[in-house]
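Heads up, the thing below is written out as structure tokens.
Labels run A, B, C and D following the written order; every chain starts at residue 1.
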Amino acid sequence: MDNMRSKKYYFKFQARGYELDSYGHVNNAVYLNYTEQSRWQIFNELGLLDQFMASGLKIVVIENHVKYIRQIKLFDEVEIETQMEKSAHFLLFKHVLSNTKTKKTLSKVMVKTVFLDENDKACDIPESLLETFTEA
Amino acid sequence: MDNMRSKKYYFKFQARGYELDSYGHVNNAVYLNYTEQSRWQIFNELGLLDQFMASGLKIVVIENHVKYIRQIKLFDEVEIETQMEKSAHFLLFKHVLSNTKTKKTLSKVMVKTVFLDENDKACDIPESLLETFTEA
Amino acid sequence: MDNMRSKKYYFKFQARGYELDSYGHVNNAVYLNYTEQSRWQIFNELGLLDQFMASGLKIVVIENHVKYIRQIKLFDEVEIETQMEKSAHFLLFKHVLSNTKTKKTLSKVMVKTVFLDENDKACDIPESLLETFTEA
Amino acid sequence: MDNMRSKKYYFKFQARGYELDSYGHVNNAVYLNYTEQSRWQIFNELGLLDQFMASGLKIVVIENHVKYIRQIKLFDEVEIETQMEKSAHFLLFKHVLSNTKTKKTLSKVMVKTVFLDENDKACDIPESLLETFTEA
């Protein structure tokens, strides 16, 4: 069944000094670091990380689409709201970054991922993950 | 005049050990580092870097769309072919990463940028840059 | 007066997935990122950041000495305890990283810094900073 | 036999835009990235990389001591000269970074490493590596 959606997950953090580039704002590539960590956080919260590692499963990014709406500055407090969506055998992550003080949207990031099995072959999204989509 | 296109530019490099993540391949965010450097390289080759800095011009990324086609491993030799395109007052960069040995395409990255003047207001693409589009 | 010491400052964080290298632990260079952020945090807490920026002061690292005692893994919770020390016109930072759960020491980092004025000349440690050394 | 020394190895590169921090020069942590890559390069040149990986050997950094002498700016061309030295069961790397145009020394980095076997136990420096110390 397609277009199943998870509940929303949240990851909060503060922009760090070494993430700024010579323009004095967070470098464009760092947004991908942030969203990657929000995904690690979700799997950790769901208790799936050890299971994935034990079974040799990897989750691999095959597409990142980032829209930069407002710049992020040193010590800005940022929240990433993430919703997962199943689309065929792909797992989509829809990340929205916002400033927790101003509530303004900073960036929208769509990430398309696929699971690889222990032989690096694309495989279905693990059932243990999909089950969490209907729990909320 | 829209959809003006530049000639193609090339940037070659080798994947480095510290760019690998725990999956043993180059981390997805690093592709944005690579493409950013290919753009710095173009401006440097064109002799525009000092001019931009002197005039307070900044070029800011407002969208990155990355498709990951093949993984990049330690010491892989990579070439980025880049073509710039004018679209309204946006400057698009179309990057294609390929392995210089196997000739296989590794990634395609579309980057949408805008120039900001010394007051951080969006401005037109500098004439000195557009002139290079017709030279080739 | 030399060898004046500040009180101790604390910075807590969790190791992130993209900070791991191909060995599956936090890469050695990332320890410098962590300690850099703990210093930004101190200046921010002391309300000195805006003052430094307004006066054109920069604080520049001239030496880093890192001892790696235990590896840091994904989601490890880490605390950096930092004490500043004046030595001639240098400002030393003595950072100790420990795991907040096991209480074990992970790393010791000694950082030697110097302040540069708006002309990039070495200058004395700002009085406003030294005053905080005797407050505690 | 202690204090055996290897010949000198060289790694050349250009400083990249995304390596700059908000001070407009290469961030202090990036020097560790550079020197790490120079070590990967040496093992690769010596044809030891596959051998280490096949035998489950890891080389782990236990100490980094960096002296920053001159700042590195965008597009600076840098050369790292590296000499390895055996000290007990530790392998030391003495890196000297210099600007290839001005010939001025930019940084000196002393790195202490140890080899871990497939059970993550400290072990002797591989013979295949030490043999290269007497070849030159």
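Convention: a residue touches a chain if its C-beta (ideal position, glycine included) is under 8 Å from a C-beta of that chain, and two chains touch if they have at least 3 such contacts.
Remember, predicted model here, so these are calculated numbers, not experimental data.
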Pair of chains joined by more contacts [C-beta pairs], B-D or A-D: B-D
Farthest chain (mean CA position) relative to chain D: A
Averaged-CA centre spacing for the pair chain D and chain C, given as whole angstrom: 24
Interchain centroid distance [CA atoms averaged], chain A/chain D, Å: 34
Chain B and chain D: spacing of chain centres that average the CA atoms, whole Å: 29
Interface hub residues of chain D, defined as touching at least two other chains: 17-18, 27, 29, 33, 36, 74
Chain B to chain C touching residues, read off their complex: 17-18, 20-22, 24, 27, 29, 74
Of chain D, residues touching chain C in the complex: 23, 27-30, 32-33, 36, 58, 60-68, 71
Residues of chain A touching chain C in the complex: 16-18, 33, 36-37, 39-40, 44, 49, 74-75
